[in-house]
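As written, the chains take the letters A, B, C, D and E, and residue 1 is the first residue of each chain.
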């Protein structure tokens, strides 16, 4: 069943949700990009394909305090300082990003369950949004993601005049009830039309033909020593841009911050591209940038599928293609290792 | 449109490579899209003919690569440097970061590079192709039926609009015509921020720096940041951190980074180019450059090899720290 | 009322040869200044890394003052000249970021200037107190 | 983890009056690392020190914090106490709770609170202290004196008298310097030669002194106690050890018209010459630019007349490698060039001369055998005008003159004027002055005698121009007191030219990594307290290379420098300050930034092979701090971007720990 | 001292760009002055009087116009004081007070004669075009 909300009522729609739960929507970051902002009546929805950072922040924040050790004299007290999650809604999550949550879930929700992540996941409600204008950097179809048919608690399509909504889960149903007065039942013809238009564009995308044949489960030995890694990695700066804009990168570091009165133990995103990544007492297991570079792409294309029934940990959102300072990215890796130039 | 043709570069590269004068060529490699260009080491003639590019999107400054590439190479490396890149080149030589003898520099003129972000903002997403014309670019997108004509000036990177020099300060060989040191307005934006009230300045930078994701791209691309181990990666340095945990950490990172490159930063603008969050990082470095020029006399890092950076120099009559704000508004 | 006035935390880096001795002289002469001022001894003002200044602010200092020998009198001949440049640029940068310029100071205090030391500290403490708590360079983690 | 003992001193009521010492020792007992904490009335007393020693033993302390008076007062005391207790003396930190706490705060509550915080900071620092041992380097017991003028001579004699070998390097064929050219000396009017030449003989005869004349310093490496110096002995084409100095060759040499530099070109010498009769070493030297034999291979007269067979036309420059423990710079001065002072017609008339030329004119060994005859026509001048401050105190004309006062001109001009009036009372002598500066023993009396007894006409004013006309020099000058412009027909004009450091000083300073001021005078380690030392350890300054000086001042400084050198050479080993910088080589970028800020030249760079973290072997350029030279200022630690450079005793981590402790 | 005089002196200092405090009273300017005999006040006195603010006598003095503006004093001054510029500054102050020059540049050609040195013509224009 599909319902529609006129775009003229979009603000009322947001207000209705925000009246009950915290709502986040894509908005301008003031510097040409988009960022999820907490909605209030001044927040302008930005119709943008993708935010700079993916919405993985909502479940796996960039930094997160885990616990605190409070020192008093020579005594140490241990405090649980986690902030309890409340229900929240994220609006406008693109189909690729929605898919990324599955990839993160397999890491954080498998045993031992990451309770911090689980709690957020439980409280989060996703209103996805189908793509109407894919970018040249998009290649989600490579990973069997249909950008016109998003998943999430509620799927949404936006046309020139209306927002079309379909609840997929109980959480979605409940949320739909909140906005029932702003929506009406309708037929899905405009949605179907949009899908057909987008499909035509998808065929024209420059990365449409990207192939996954050589990747996936059990390909480690074939790919690990491929000489192509040398040239692929030669320009890599070792920064964490790709990692930090990536919706599926899930590595983190746990660090202690000495407050002067104790220690706050927190975790923050880490990047396998960093020279200090997973440094141990003996030193660093991956000594050169080539090895670190290889790690990132092998993880996405081989190691993760190895451990997760062949599922790739890339969703083709294209963020890294747009943001890499030296324009080196997973598409080039896939082509090169796949035998293209 | 760049004044010098790709073919001229390729011919020189191939002839130097074939003559054995150089063993490899540091140049730009064509990527998936017309605008994505990757720094690459070429050693093969056919590879150069097919994949070497020189167009309005070759922004990357190769100087820093020389630090690692000269160490890894036994032979000479041919590197193509745009005027602004040569300043970084000299600065690195001043700091003994690589062996000059292992590099063959070809200076090439530059007409400014395009900021893809600005281009997308103008013609929309879905860039398919671009053709350089006399006045600009003819761009086709997935969503426009006709190619769109774009005025090159409107999409030039900020650093190119405010280009400080079209003159090479280092080269073994120059292709094309030598340019001049430019009269740029590069400090206008700094002055505009200085003219704000402290509250406005605070709000401005708080806003900008709050977007920082600590990807380190600015540091890792910076030709002045070639430390064997960065203080921000060193747990005993007292400033190490990995994430912009709060607004203090955001500021700490950028203040210390700007301070470490103060007097050494050539204002190449790579930091702002690579920032995925479009933080105008060059405005921090330019603030130091503007102050240094104002307090201690004009100084351009990298202008000549071996010059004494202002922070490792002094004058008996230097300005007192308390007089820094003289003539500027009080709070 | 004195009681309600905000009591700032002030870190003073003093060079061993001039300013620290100047502070000692202020003590010898029983010249009062607020107990909010805490002195850290460094061999020369040029030992003060800008990151120490930021560190102090992070950890809760409301003002940071660096004291060294007068230009020309540096025990190491040139240290304070470098300090002067470093701090001039640092202070200007902090101001550029909208951080109150009154929270930082560089002052030359000789070993004979006990009175100047005390007067400087009184003045600086007053100035910082007037600004109240350091909010713009604080790290909330250090305040809990 | 350290085991720290805290000792809080009452200092009678000095501390205990405003600080609750019990509360302080109680509070600090809970600090991390602290295993013992106590307080006592007088920690510095023997009883107090015994408490410390006993506690170290009883509690196995590894670190000590004393909360007491200023470390400037008793740090050394407590370090000795620690050593007595078997601890490394650098494991002690002092919290200054007297001068910087109890004495400046009246309120007990805030005083106590602050004392606790200062104590915490000291504890935090000691937690990171490491035992430090001062480095030791051996001392080469030989000194080098660069320059053989009166400064170098005096320094060398004093060092040699103390029993240490010393070498003098002099670039000219003889030692003696400027003083050898002088006639009389002010204010006593002794004959310069009479007091200088015996000293030169002493030098020649002193077994501890070697003279390398006609030699130059080529290169200097090393550091205090251990300098390696290359000395170039220029070929003089005469075997020094064979030449008897008989002078026959200098009479027979057919090349007669070589300007004689000793007489400032006012007469001629031969191509083979001995600068003056009392030269040391008294050995002939062939001027290769003038000698026919050396230029064209045609002549050989000197070789023929030399019965000793000392002439060697094939002689080559020789490079000597010598080692020294200390180096004294005594490179002296020269009058500046008068070429740019067109207004005084120096280049137009032979009768406009500098004061040094005047010295030669009145010197019995000079071109006129001491008779005052003017150079142009060898007639006795009847009207002589002295112009003061030519090129001195010249602020606007950096390319012409010098901004400083040359210090010696007022006195030697008074001397000249007086001597003329004494010998030739029929001569009118005018001295045009801006100020007459006579601070010195018997100096003003001397000047007044010139005016009062000898009738020298001192005129407050300046000469504007000198125009040669016929056999006269038309002098146009101002008399500011009379408010007149004077026109004097003079026979001789003497210019008191400013003096400047010798040109060899600048390259020498570079070799020594010794600093210079903008005028190329060497900089002292401290302008008041260390005036004869250069900031570079082991390098000392003697004479006018440090600033304009007259003879007595030069000699005093020369002896002072010698005393400093002796103080250094008498040591077998140099014990350094252990609180010095050191570079973490793995983090060092080799960028030379630290080297540029080091005031002592303590940092050098070497290429060194490393096994890198990626298990490759790489040759990297890294900084090396010479602990014998480093004074521990820490300038390099901040200049170093990567944080590779740190300062022992004041490590970044220690200072940060103090900051943290204070701010928590 | 008269306040007005000080003001005028400061004005002259400002406009001429000359800092009379740099003067060390050596008198070389006066020694070098070719117009000394015709001048009531001599270059060093000009400098001193402006420094002390003793302006009135200067303003009334004929010396202002006997100065040849040959700039010999400027060239010779060891301290870079530039007395001639100061004389010119005083002259301008008078002109400003009077509201006019006692001659204009246009009058100069009429007074030219063949004996007049080139320098005098140049300095006449220098003086009267102000």
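The rule is short, and it goes like this: a residue touches a chain if its C-beta (ideal position, glycine included) is under 8 Å from a C-beta of that chain, and two chains touch if they have at least 3 such contacts.
The structure displayed is predicted, hence computed values, not measured ones.
Novice: With chain C excluded and the rest untouched, write the groups of chains still joined, or say one piece.
Specialist: one piece
Novice: Can you name the chain that lies farthest from chain C, using the mean of each chain's Cα atoms as its centre?
Specialist: Here the answer is chain E, farthest from chain C.
Novice: So which one's got more C-beta contacts, A-C or B-C?
Specialist: Between the chain pairs A-C and B-C, B-C carries more contacts.
Novice: From the centre of chain D, which other chain's Cα mean sits the farthest off?
Specialist: When every chain centre is compared against chain D, the largest gap points to A.
Novice: Per the centroid of Cα atoms for each chain, what is the distance between chain B and chain D, given in Å?
Specialist: 46
Novice: Cα centroid separation between chain C and chain E, in whole Å?
Specialist: 51
Novice: Taking each chain's centre as the mean of its CA atoms, how far is chain B from chain E in angstrom?
Specialist: Taking the mean C-alpha position of each chain, the two centres sit 55 Å apart.
Novice: Nearest whole angstrom, what separates the Cα centre of chain C from the Cα centre of chain D?
Specialist: About 35 Å, centre to centre.
Novice: Which residues does chain D have that touch at least 2 chains other than itself?
Specialist: Each of 597, 639, 652, 656, 660, 663-664 in chain D touches at least two other chains.
Novice: In chain B, what residues contact two or more other chains?
Specialist: Answer for chain B, listing residues that touch two or more other chains: 231, 237-238, 245, 311-313.
Novice: Of all the residues in chain C, which ones touch at least 2 other chains?
Specialist: Where chain C meets two or more other chains at a single residue, that happens at 50-52, 55, 59-60, 72, 78, 82, 86, 141-142.
Novice: Would you please name all pairs of chains that touch?
Specialist: A-B, A-C, A-D, B-C, B-D, C-D, D-E
Novice: Contact residues on chain A for chain D in the complex?
Specialist: 71, 73-74, 258-261, 283-284, 287-288
Novice: Which stretch or stretches of chain C touch chain D in the complex?
Specialist: Within the complex, chain C contacts chain D at residues 9, 11, 16, 20-21, 23-28, 30-35, 38-44, 46-52, 55-56, 59-61, 72, 75-79, 82, 86, 118, 142.
Novice: Which part of chain C faces chain A closely enough to touch in the complex?
Specialist: 59-60, 141-142, 144
Novice: Residues of chain D touching chain E in their complex?
Specialist: 343, 389, 393-397, 401, 432, 434, 460-465, 476-480, 483, 485
Novice: Can you list the residues on chain E that touch chain D in the complex?
Specialist: 22, 24-33, 36-37, 42, 44, 72, 76-81
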